[in-house]
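In the two complexes below, chain A is the common chain; its partner is chain B in one and chain C in the other.
== the complex of A and B ==
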């Protein structure tokens, strides 16, 4: 992160002035190489967004695989304000993201600092810790569905060994969201660990050596040297994880499908339900637009913040 | 001295506990995959291992698993190749062909925004667009969708790697009369091979793993592995050991890639994410 312009891919390698005469052939190459990405971005992101915008102001019915639109004005958006499912999903997503991300950052930081402190086994540990990031979320859901099973799952079996009673973690409204947070912590702590570990590895060793000679304890070196130096990275990881947490879908879809009741309903699931299960495309599109605007704004704000920190 | 050595044990203890938490589920699920339904339901610790579950998942007439693997393979490779081509061309042009800085910032900003919104929002729009065109439930539609979803990551990676090439090398080639396409193909591509490798591996894995878009844009003919696993897991008469076997088979590609290309993956994840 020390080379900020490089890291964000700004052109650093401009040619010197005397070779700057541009021939028309070069102009063609320059644009030609941009054509594929422009086609993909316009065709697959800009047009769909416009379609979504139109749908969100319409009532949609399907006829022979073609959508028939009638104007609905602002009705779809107005309905969202009283949509108890949508409101519940926003609340659950916020609770889920806050709980999961804070736990993951703390655990990721502990693991990164611990791995920074040992000499042997680094390769083994990074490989073991990375595996969950690369697995399909839906398969992680399937694995945990088996582990949470009240009849034979390892979760209740372990608790039983400690003398605790079996419990239907996913079927009980009080524990379902917590159980999903636990799965997410298992899935995404490795990601926080990986980014934080890269920062831990690049900490200056001489400062720690000096502090050790001056008699600072391991805890003091962590608290007063490592943490302040890691703070910018922690902030970046926090922003990234928080944004990704709002996309949660796979595990919830597989483990609870939003139940029991609406206790684990999340935003992505509600959009999916409206659009594809209840066949109410207008309402689903309105939700999508709201989600897009809110998360897009948050993303741009986070990017600004990160770039300001990098520039410092 | 004894205090110091005791302190040194603490990180090891933490790491071992964490490794147990991360790897334990795999051991348990692997054991479950080799059990019979009865052995699993009665939580037998000592049991006769059986290959029956794997055989049923892979070869029984009612299982679509091998077909889903083929679909996933086609879609993941197709979208990864498309991503590499599109991202490398764009990154080279943006980084080395004198676009004003705001173009790069706009490209990064726009890809960041749609990278961060839930995929289901785009999936619903793609569905509405693809259905009249007959692109829903087709490989082309899925390849385009996954290529778009993984484009931010591949673009950022290629921008970062191409920015690291010393200007002098490209300049020398230009002075020797090489066309931009020759510079790209003969000089840039060989130099950024690690970047291409990292981008390809990650784009492949993320496409293989992707669920919400595959769920909405595919039907039986093009269903990918996660779609298959999801429908399996929600079956009313669920065969738990077969589900464990399916899960175990489905994590094989990522595990093999991780063991074979860990350094590339670490590099790709940290470079791509820290931006």
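== the complex of A and C ==
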């Protein structure tokens, strides 16, 4: 923009009136075009967030069927520091997300690389791998609740066929969280696989061919060529999955409802209970804000990693 | 064809003429007694020609829907069926229309139980009081736990029906042969009065309590008392010595499932589950289950908790809908309706039906223990903070049963959390000294 005025001998920053008018018209036009999406952003995202923020600093009571909001200051946030259930839910959610996402990415990558090397039947395998992600969470919960049932579930029946004793996977505090991670891995590995498979299919074949001619082994080609080239996609998948995993609700709600004890309590479940069962809107809002900040921090860290990687 | 059309038209016209009230919708819970309620709604429609729609929801979902309904401009439901732990929230919040404000002549039939007077509300004192209180709801179901036991196994092992907890434990140990059959199965999962409600017969039966004399305005937390500790220690011992291997995750539906499949020799659950025991389509133990009052510790009395359901009418409803809702509630409390309700498998709310000749039928063996239990059953919470208190109660009990906390630590932590909730809401509260952990 600054080179054009110089070219016709005008001082920088001073445009002919006609150009200025056209420029401000364009400006208006741009803002006008952006207005619907801005209104949508404000209405659907910022306003609810503001309402949540106000609620988090308030106590809500009801009198004569009308809500009465009183200021709670920072009390709702301070109480979270001593809320053993909320702290357990944060810890469990982080463990769950770390375990589930890392297993899913490793499995998804292995499946993507394996399918990349397959010559026939790719469509069949892709469709088969995709099936779990097509099922609604409620169906997945019901299926796995039946499969894990210690009395008639297929998991223990299979163990029994191998001569191993039956085990209450969801009822035992030692295995409940692991059992839910397994369900999540089954559910979400196809998502990781799909994104990584698209990246694997777009890898340049000539580089691999050159490496093979140079005597690189299959492991070396994978370690030194495929993985570095796939790294940006892996980071994107990691970010997506970490965000989704942090919000896990349906699987836990249907399989264990957070128990036994607090072993499978996750943030979304605690927030749901605090809001809708215990009817403590202020406390629920404070939890939501904290969860939002944690999730925001995870997302920002992931984005920063992706940008750094891309800059290299 | 024309004849058919004419008949259909006639049927429609006759229904419309017969119907005295506009159609209403009832928000109802998906519970073990729902089958009987569904039946009685059908009977009401046949009897009166009035139309009633049922919107059935699971436990947690129902409460959220009902809260949204009474807090909105106009409730989509003419009758809310809510569990007793939420009644103060609905009464004190001004969400329900007093029944006598809709029909000044309406009175609760003297044969209908008032369940610790939880159907009345005195807005001046903020308490449930018959004297000075206003009638706010009609009881819909008397949810009281009773002891279910396998009469055939008791006979086989020559076991006495347990009066005390020690006898219960001894019987449970005798019958315990896992994994084929568990001596006793407990509902140990947590929610808002899941394990809590399961534990209350033990707490009361050992002479303990959660709060002080709530009806007199004393909300001091007494849960961390030595008696409560003895009750929780026994509860955990029963689970570990004669129960399910992972009791902290067992739901009410699973307890019922264990009973009907013959996996449980005994359990203490809601009397409403009895209908399924003799259903040949669902049960492998038809005619083998008997019922008794919940046991107690030596020197104490059996005191089961109330967990009944009430039916109320929202404040934000047009007058004709409120009148139609009243018509249903008035019909529901009649002797004839309650007798049909009992025959359909749901525990009735009338004294004369519970003590009628129907109770002599072995198929209704739960009636006598229920009638006896209702004489001294009591309401655990008389505060609008009941959902929060119940959640804390359940969490800590569940942690104790799962082995995350010792019984003493669980009771201490629950007591402190409860005191905190009550204090914030301005109740006159306090706490006992901590139990030694």
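One rule holds for everything that comes next: the second predicted complex is superposed on the first by the 251 of 312 C-alpha atoms of A that agree within 3 Å, B and C clash if a C-alpha of one lies under 4 Å from a C-alpha of the other, contacts with A are read in each partner's own complex, and residues count from 1 in each chain.
Assume contacts are C-beta pairs under 8 Å (C-beta built on N, C-alpha and C of every residue); 3 or more make two chains touch, one makes a residue touch a chain.
Everything numeric here is computed off the predicted structure, so don't read it as measured data.
S.K.: Going by the contact rule set out at the top, does A:276 touch chain B (first), chain C (second), both, or neither?
M.R.: In the superposition, A:276 contacts both chain B and chain C.
S.K.: Is the number of chain A residues in contact higher for chain B or for chain C?
M.R.: B
S.K.: Quick check on the superposed pair: does A:151 touch chain B, chain C, both, or neither? Answer first, second, both or neither.
M.R.: Both partners.
S.K.: Would you check which partner chain A:47 touches, where first means chain B only, second means chain C only, and both and neither mean what they say?
M.R.: Only chain B is touched by A:47; chain C is not.
S.K.: First (chain B), second (chain C), both or neither: which does A:65 touch?
M.R.: Both partners, chain B and chain C.
S.K.: Figure out whether A:218 sits in contact with chain B (first) or chain C (second), or with both, or with neither.
M.R.: After superposing on A, A:218 lies in contact with chain B but is clear of chain C.
S.K.: Considering only touches as defined above, state whether A:170 meets chain B (first), chain C (second), both or neither.
M.R.: A:170 contacts chain C only, not chain B.
S.K.: Touch check for A:108: first (chain B), second (chain C), both, or neither?
M.R.: Once the two structures are laid over each other on A, A:108 reaches no partner at all.
S.K.: With the two complexes superposed on chain A, say which partner A:300 touches: chain B (first), chain C (second), both, or neither.
M.R.: Once the two structures are laid over each other on A, A:300 reaches chain B alone.
S.K.: For chain A, give the residues common to its interface with chain B and its interface with chain C.
M.R.: 62, 65-67, 151, 276
S.K.: Can you check the complex and tell me which residues of chain A touch chain C?
M.R.: 59, 61-67, 84-85, 151, 166, 168, 170-173, 176, 256-263, 273, 276-280
S.K.: Please output the residues of chain B touching chain A within their complex, sorted ascending.
M.R.: Residues in contact with chain A: 7-8, 10-12, 14-15, 18-19, 21-26, 28-29, 32, 40-43, 85-87, 89-99, 101, 104-105, 107-114, 116-122, 124-129, 131-132, 134, 144-145, 147-148, 151, 155-156, 159-160, 162-167, 170-171, 174-175, 179-181, 184, 205, 208-212, 215-216, 225-226, 229-230, 232-234, 240, 243-244, 246-247, 250-251, 254-255, 257-259, 262, 265-266, 269-270, 273-275.
S.K.: Flag every residue of chain C that touches chain A in the complex, lowest number first.
M.R.: Listed in rising order, the residues are 60, 63-64, 67, 70-71, 89, 93-95, 179, 188-192, 244-246, 248-250, 261, 263, 315-316, 387-388, 391, 395, 398-399, 401-404, 413, 424-425.
S.K.: Touching residues of chain A toward chain B in the complex: what are they?
M.R.: 1, 6-16, 19-20, 22, 25-26, 29-30, 33-34, 36-37, 40-41, 43-45, 47-49, 51-52, 55, 62, 65-67, 107, 110-111, 113-115, 117-118, 121, 123-139, 141-147, 149, 151-152, 154, 157, 186, 190-191, 194-195, 198, 218, 236, 240, 243-244, 246-247, 249-250, 253-254, 267-268, 271-272, 275-276, 281, 284-285, 288-289, 291-292, 295-296, 298-300, 303
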